[in-house]
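Data block below; observations after.
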Amino acid sequence: MPKLIHKYRDMNTEEIYQRQGFGRTTGIGQRCCLLMVDFVNSFVDPHQLGGPAIEDAVQATVPLLKAFRTWQLPVVHTRVVFEADGSDRNLFATRVNALQALTEHAAGSQIVTELAPIANEWVVRKQGASAFFNTALADWLHFHQVDTLVVTGCTTSGCVRATVVDAVQHNFRTVVVSDAVGDRAMEPHQANLFDMRQKYADIMTGDALLSHLHSLQGNSP
Amino acid sequence: MPKLIHKYRDMNTEEIYQRQGFGRTTGIGQRCCLLMVDFVNSFVDPHQLGGPAIEDAVQATVPLLKAFRTWQLPVVHTRVVFEADGSDRNLFATRVNALQALTEHAAGSQIVTELAPIANEWVVRKQGASAFFNTALADWLHFHQVDTLVVTGCTTSGCVRATVVDAVQHNFRTVVVSDAVGDRAMEPHQANLFDMRQKYADIMTGDALLSHLHSLQGNSP
Amino acid sequence: MPKLIHKYRDMNTEEIYQRQGFGRTTGIGQRCCLLMVDFVNSFVDPHQLGGPAIEDAVQATVPLLKAFRTWQLPVVHTRVVFEADGSDRNLFATRVNALQALTEHAAGSQIVTELAPIANEWVVRKQGASAFFNTALADWLHFHQVDTLVVTGCTTSGCVRATVVDAVQHNFRTVVVSDAVGDRAMEPHQANLFDMRQKYADIMTGDALLSHLHSLQGNSP
Amino acid sequence: MPKLIHKYRDMNTEEIYQRQGFGRTTGIGQRCCLLMVDFVNSFVDPHQLGGPAIEDAVQATVPLLKAFRTWQLPVVHTRVVFEADGSDRNLFATRVNALQALTEHAAGSQIVTELAPIANEWVVRKQGASAFFNTALADWLHFHQVDTLVVTGCTTSGCVRATVVDAVQHNFRTVVVSDAVGDRAMEPHQANLFDMRQKYADIMTGDALLSHLHSLQGNSP
C-alpha cells in the first residue's frame, strides 16, 4: 500500500495523538482490585505459549500481591480453562490451538507458584481473550465496590489488552503496571502499551503504583 | 526496564509466533456480513479524530459495499453517538473527550457520503470501542445467520481492533480488509494488523476478498 | 397432567417457599436510582398494549420521581424503540408484533407527559424485555455508584420482571414499588409480584419507600 | 390496592392478551438444542430446593434426551456451582442462601442420575438464574448453528423462566416442554407457563415435540 505509507510518512505518531486529545489519565479512584491475567505455567514457559520476559512480570507482581493482601484489597486471578472433552471449544481455541490443552488439571493451566491463590481469592476461568468476556467479572467488581482495576499479567498484546479495553468500557479506571505485564515478543508488548496509554489506561511502574497506594492507605504493607 | 529488553533482544517476533502455533486462518464461512466501523466525518478529518489514510480506507470500502449490496448480503454501519445533554457519558468518553461531541445530529458523527447507509441497512449506535459492547450486534448477526464478519473502518488500533477481538470471542470468523481499515498514524496501524493476524482474524486485501466472494457467489457484482 | 396436579395439590405455596429459605430481603443500600420501565403512551392505553391499571402506576410514580429529582438521585427512563425501516427487528418483535410500531417518533413510544424526562435524565432505548439486555444500563449504574435500583413501570409480568431478574443478577439490590408497577391483567401482575418477592426483589409501596428514603436523606422532598 | 383491583376486575385475561396480539408462535427452525436447566439433586428433593413435581419433569426429559442423543443434536446441561470458599458469592446467592451450598463436588449440585451427561455434552456452570447470564451459552449455540432451543428443567418460575426470556432476547426460537419443566409449587408453575406462552416461547408437551421432531428428522429415535 504505497499510497497509504506516503500519507502516514511525515507524521509523528506521538504528536498526532497529543493534538487530538488522547493520552489523558483517569487516575486512581476509591477502591482498587488487583487483577492478574493468565499468570499460568504455560504462559511463563517460552517452549509453550510464553516468553522469557513474562517471568520478570511474575516477579514484579509478587510485591503488588503482597501489598494487596496486607491491605485486604480485592484480588482476582484468571486462568484459561477448557473442558477436556472439547465440549466448550470455541472459535478462539480453534484458531489458537494450544489453548485447548489448558484443561482444569493440566500443569500448564495452573497459576504459577509465586502467585498461587489463597482462600477467598477468586480465580476466574475464562475461554476468551478478555477476562470480562462471558464471565461474572464486571458484576463481581461492582459487588465489591471496586472502581479501579490494577492489571498485571500476560500477554500484553493479547489477554491483557483485551481485558483493559473491556475494563474501560465497563467504566473501571484502569492502571496497567508496565513492568508486571509481559509478552512473548518485544514489539507487540511496546505497541500495545502505547495503544493502552493513549486510549484506555494509565500506565505506571509497580514501584510508582505501590508508593501511590501506600500514601492512600496511610500504612505500610 | 533494561532486563526485559535484554530478554526480548535476540528473538525474532514472527518466528516466535509461528513456533507457538499462532497465525492460523479460519477462512470464510457460509454467509458474510460487511461491518463498517465508525466511518464518520470526524474520523476521516485529520483535524478532528482522523488521519489522511482513513480517506483511502473509505475509498477501498466503496467497491466492497457495492458488491455486498448487489449480492444482498447483510451490511452494518456503526457510529459513535452520545446524548447531547451528557446523560449517557461514560469513562471512555471522559478519557477520550472529543467523543462527547459526536451527538446524533452533529456533522462529525454522520457517516461519510460515499458510504451513506440506505434503507434496511442497520446503523449501530455505540458508546464504546467495540461495536459489540452493549449493543445487539452479536444477536443481530445470529438472527441473520451470519458466520463471517468482514471488517473495514477506523481506527485500526482502536474500534476496529476492539470489534475484531469481540467478533472472534463471539465465534464469528473474521476477515479484516487490510487496505479498507485506517488509522491516524502508521505504527499503530501496522502493529494492530500484526496482532489481529496472529491471534484473531484473517487479513486480506479488498481485491483478494472480492475475488474470493465472487467465486462463492457465482455471479458478478 | 393429572399426576403433576396430584403432587402439587396438598402444598401451600407460601409455606413451601418459606421452608426452603426464600422471601428474604436485601434492603436498601447507599445510593438509589429510580428506574421507570416503559411508561410510554402505548403501554398506558388499553387499546394498544396497555391496561387501565397502568395509568394508576404512572400516578403512583409521580411523587417518587419528584422526590428523586429533589434529592438529585439518579433517574433513568426506558422506551422500546425500533428503527422505522425494520433494520433492527429481532425475534421478540416478530413474536410481539405490535412492538415494531414503537419507532423513535411514534406517539405510542413517547414517555407519558406526567413523567416526561428532563435534561440529564438518561432515556434508555431498548429492543428486548429487560432494560439491561444489550444496553449500557448496568455499566451506567456502576459509573454513577448506584447499588440499589427502585423499579416502577410496566408491565409487571413483562419488562419489569425481566429487568428485575437482570438487576439482581448484576448485583443490584432491587426494590419493586408494588403500586407503581402495572399490567394489562390482574393475575399475571400478582403472580409476578409473588415470584419477584420470593426470589429477586424487595416489594414496597411507594409511601413506605418514600418514608424510608426520607429518613435516609434527612430532608424532605 | 382496592382501586387497582377494581380496574382489573371485569377483564378476562386470555381475551386481553389475544386482543393485543400476544400468544403467537415462532415454531421450530432448522436445528434444535436440548437445554436441561438445573436438573440437579438439590432441586429434585422437596427437602432441599425442590418439589415432588420436579421428579416427574425429570422422567419426561428422559425420552427427549434419548432422542437428541440418537439424532446427534446438541445437548446442554446446566448446574448452579459456587466456589466453596465463597469467593464468587453474588447478591442472588445472598438472597437465596441455599444456593451457596451448591459447590463443585456437593451431592446436591450433581446432575440427577437419569440425565447424567456423557462425553461431549457441555455442562454450563452458572451462578445466576438465567443459563445465559455471564456464560458462553449464546455464543456456543451460535457456534453450533442452533436456531431453536428446547427447554426442560427447573424451576419453571425461576431459572427456566429467566433462561427462556434471555433465549428469545438472543433471537433463539424457544420451545418450553410443559411436562418436562417443574416447580416447587403449582401456582407459580402455571402462571409462568402462561407468561412464557403469551410473550416468549412456544409451549408443547414432550410427546408433541418428539413427534414433530421425528417428522423433521425422518427417522425414529
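To keep things simple, chains are lettered A, B, C and D as they appear, and every chain counts its residues starting from 1.
Note that in this section contacts are C-beta pairs under 8 Å (C-beta built on N, C-alpha and C of every residue); 3 or more make two chains touch, one makes a residue touch a chain.
On a predicted model such as this, the values are computed, not experimentally measured, just so you know.
Taking the definition of touch as given, a chain qualifies here only if it contacts chain A and chain B alike; those chains are C, D.
In summary, the pair chain A and chain D forms a contact in which both copies contribute largely the same residue numbers, shared numbers making up over half of all those used.
Chain C and chain D have Cα centroids lying 23 Å from one another.
Chain A and chain C, compared by their mean Cα positions, are separated by 37 Å.
Shown for chain B are the residues that touch two or more other chains, namely 90-91, 134, 139-140, 143, 169, 171.
Interface residues of chain D, counted against chain C in their complex, comprise 1, 3-5, 7-9, 11, 13, 16-17, 20-22, 24, 26, 48-49, 51-53, 56, 90-92, 94-98, 128-130, 133-134, 157-158, 161-162, 165-166, 168-169, 171-173, 178-179, 182, 184-189, 191-192, 194-195, 199-200. By the touch criterion given at the top, residues 138-140, 142-143, 145, 147, 169-171 of chain A touch chain C in their complex. Residues 83, 85-88, 90-91, 119-123, 127, 134-136, 139-140, 143 of chain A touch chain D in their complex.
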